[in-house]
Amino acid sequence: MKNFSNRYIFVFSFIMVVIVASLLALAATLLQPAQERNLEIAKKRSMLESIGVISTKDNSVELYDRYITESFVLNIQGEVIEDVDAFNVVLRNEQRKPPEDQHLPVFRAFPDDGEKVVILPVEGKGLWGPIYGYVSLRSDLNTIYGVTFDHDKETPGLGAEINTTGFESMFTGKKLYQDDRFVSVQVLKGGADPSDQHGVDAISGGTITSKALEEMLSDCLKKYDAYLTQNRN
Amino acid sequence: MSSKEKEPLFSEKNRKLFTDQLGRNNPVTVQVLGICSALAVTVKLEPALVMALSVTIVLAVSNLIVSALRNYIPDRIRIIVQLVVIATMVILVDQTLKAYAFDVSRQLSVFVGLIITNCIIMGRLEAFAMANKPWPALLDGIGAGAGYGIILIIVAFFREFLGSGTIMGYPILEKIGVYSFGYEDNGMMILPPMALIVVGLIIWVQRSRNRELIEK
Amino acid sequence: MENLLNIFIKSIFVDNMVFAFFLGMCSYLAVSKTVKTSVGLGIAVIFVLVITVPVNFLIEKYILRKGALIWLGESFADVDLSFLTFMIFIAVIAAMVQLVEMIVEKFSPALYNSLGIFLPLIAVNCAILGASLFMQEREFLNITEALVFGAGSGIGWFLAIVGIAAIREKIRYSNVPAPLRGLGITFIITGLMAIAFMGFMGIKL
């Protein structure tokens, strides 16, 4: 094996660092727009899914602009906070703040059936990692119009079933309020009575994820209580 | 092609570099390398394919680079240099996946980053690329990547087929209609322990067919 | 406090590095032939994890994350160095391992003699880098959480390797089918141990 002088080693490392650093910086700068676009598209697609509009990667931006036209940010008292863009609010960061400082995004959508829908984002902790999604409400601000959930790494086949249409469709038509009291929607192990307006079936084998989902819904939606109550008719 | 007196590009020896690692000298089942991160991505076939491809690319290119530089890399800092080459490749692959294969990159999550510490790569760089010419090193890299990929794909195939009843997301069992006879997916297959047991069974099959590999 | 305990227990039993994520399998399989050496390696892993996870946490928080450089001045608010994550983490790990090795050698030769040979092995142990990447992904709030997570992951890995080593010492006297001997049976036993550990799933304090 050849022996190299210290100076050679130093020069070698220096050149290597310069080459590697410029290569990586170049790649990161070139690819960043595409990466951010992916995140934006994913967010728009799942919002559209919660009002029952199925979109593809290519038409999601266009459909989003057509259906989801208004958005604003509330505080916990239900008052509008000016100058904050609802789309860029990162819910996970908000949830770390004390409740009175949190920004609560609201999106308004106008699907083809003439309903005026509000879309509320939800996020919580599942069994293995975060679970998140969107809940859309009819104009009575009580009946669920549609939901979409997703997860990062719930157990496949068990907890991971929360993002299937079969599970999500059970939420449609359920109600958040009972006699003006916020009760959220319960995820019931062993099955819910179809006439139960506040309950859906849990996922068999996915009890912990189901419970986490129930907690997420009640925690996140309760923060909108003031807004929903004031604006309900 | 120009220099006839040199060894041909696909000589017997060079071909062996590639084919040996698919079976007799497989990096996973025989050399016991690179099991680390990979098994976690074998629940479904698609992420397993992407993972296999990423590892092959990283391995082949780093093998090539290190081998081309082998006479210039100071011995004292060679491990660091190797790590830097690998890490650079992995970052490039990760960034590309995030930009062009977003859904798969979300499923792979941290496991793309863990390619850096995949022992196959360090192992091949240290054992082969540091001592051989670039062309054999490239073949060796592709061979090791493919050998690793084959195990990944076999494991993922069985886990997805038996565990979810699909292949590449296509619900094959549902189309055949076996569910109407009372067949149910084996939920156990998608849980982590079964990946280990499936690899154990693959080793069993391989070693019963090739008795030289049996440990004393 | 309850939160910390939760992270600790979860990272040992539920999110076990070996059984749930297959991390550190290479050294797990290679060094688990006897209990004595596996104890040594296990302790070294705990040691290194306890140091590298918090250090990487600080680096992530104050250098790499988007907007993390804001302490340097307003103009740095938009700098996003997160693409360097892998590179920096692995460099920190390699440097820390080297540093630990030198310190241990200087101040405790006895400890160095028992741990020393394992330390270089550890730099490329996926469990170490894995723990730092999981730390980043789970977005821990403060350094104590990161520390507890590092310690828990290390102890989980220690338990796994000592467990398998004990079983392998006994299994030498068993009549294992020839093709399964060695590697094959180790995989299957690990699988069975992982099934046992799944019993801890869903523990919440």
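Letters are used for the chains, namely A, B and C, taken in the order the chains are written, and counting of residues starts over at 1 for each.
Note that contacts are C-beta pairs under 8 Å (C-beta built on N, C-alpha and C of every residue); 3 or more make two chains touch, one makes a residue touch a chain.
Fair warning: this is a prediction, and the values are worked out from it, not measured in the lab.
More C-beta pairs touch across the B-C interface than across any other pair of chains. Greatest centre-to-centre distance from chain C is found for A, with centres as Cα means. With centres taken as mean Cα positions, chain C sits 31 Å from chain A. Between the CA-based centres of chain A and chain B the separation comes to 34 Å, rounded to the whole angstrom. In this assembly, the C-alpha centroid of chain B lies 22 Å from the C-alpha centroid of chain C. In chain C, 83-84, 87, 137 are the positions where the chain touches two or more neighbouring chains simultaneously. Shown for chain B are the residues that touch two or more other chains, namely 80, 84, 88, 91, 95, 109, 191. Contact of a single residue of chain A with at least two other chains is seen at positions 20, 24, 27-28.
Every residue of chain C that touches chain B in the complex is listed here, in rising order: 19-26, 29-30, 83-87, 89-91, 94, 123-126, 128-130, 133-134, 136-137, 177-188, 190-192, 194-195, 198. Across the complex, chain B meets chain A through its residues 43-44, 71-77, 80-81, 84, 88, 91-92, 95-96, 98-100, 102, 106, 109, 163-164, 185, 187, 190-191.
Every residue of chain B that touches chain C in the complex is listed here, in rising order: 29, 32-40, 79-80, 83-84, 87-88, 90-91, 94-95, 109-110, 113-114, 116-119, 122, 191-197, 199-201, 203-208, 211, 213-216. Of all residues in chain A, only 1-4, 8-9, 12-13, 16, 20, 23-24, 27-28, 31, 34-35, 38-39, 42, 152-153, 155-158, 205 touch chain B in the complex they form.
Of all residues in chain C, only 15, 80, 83-84, 87, 137-139, 141, 201-202, 204 touch chain A in the complex they form.
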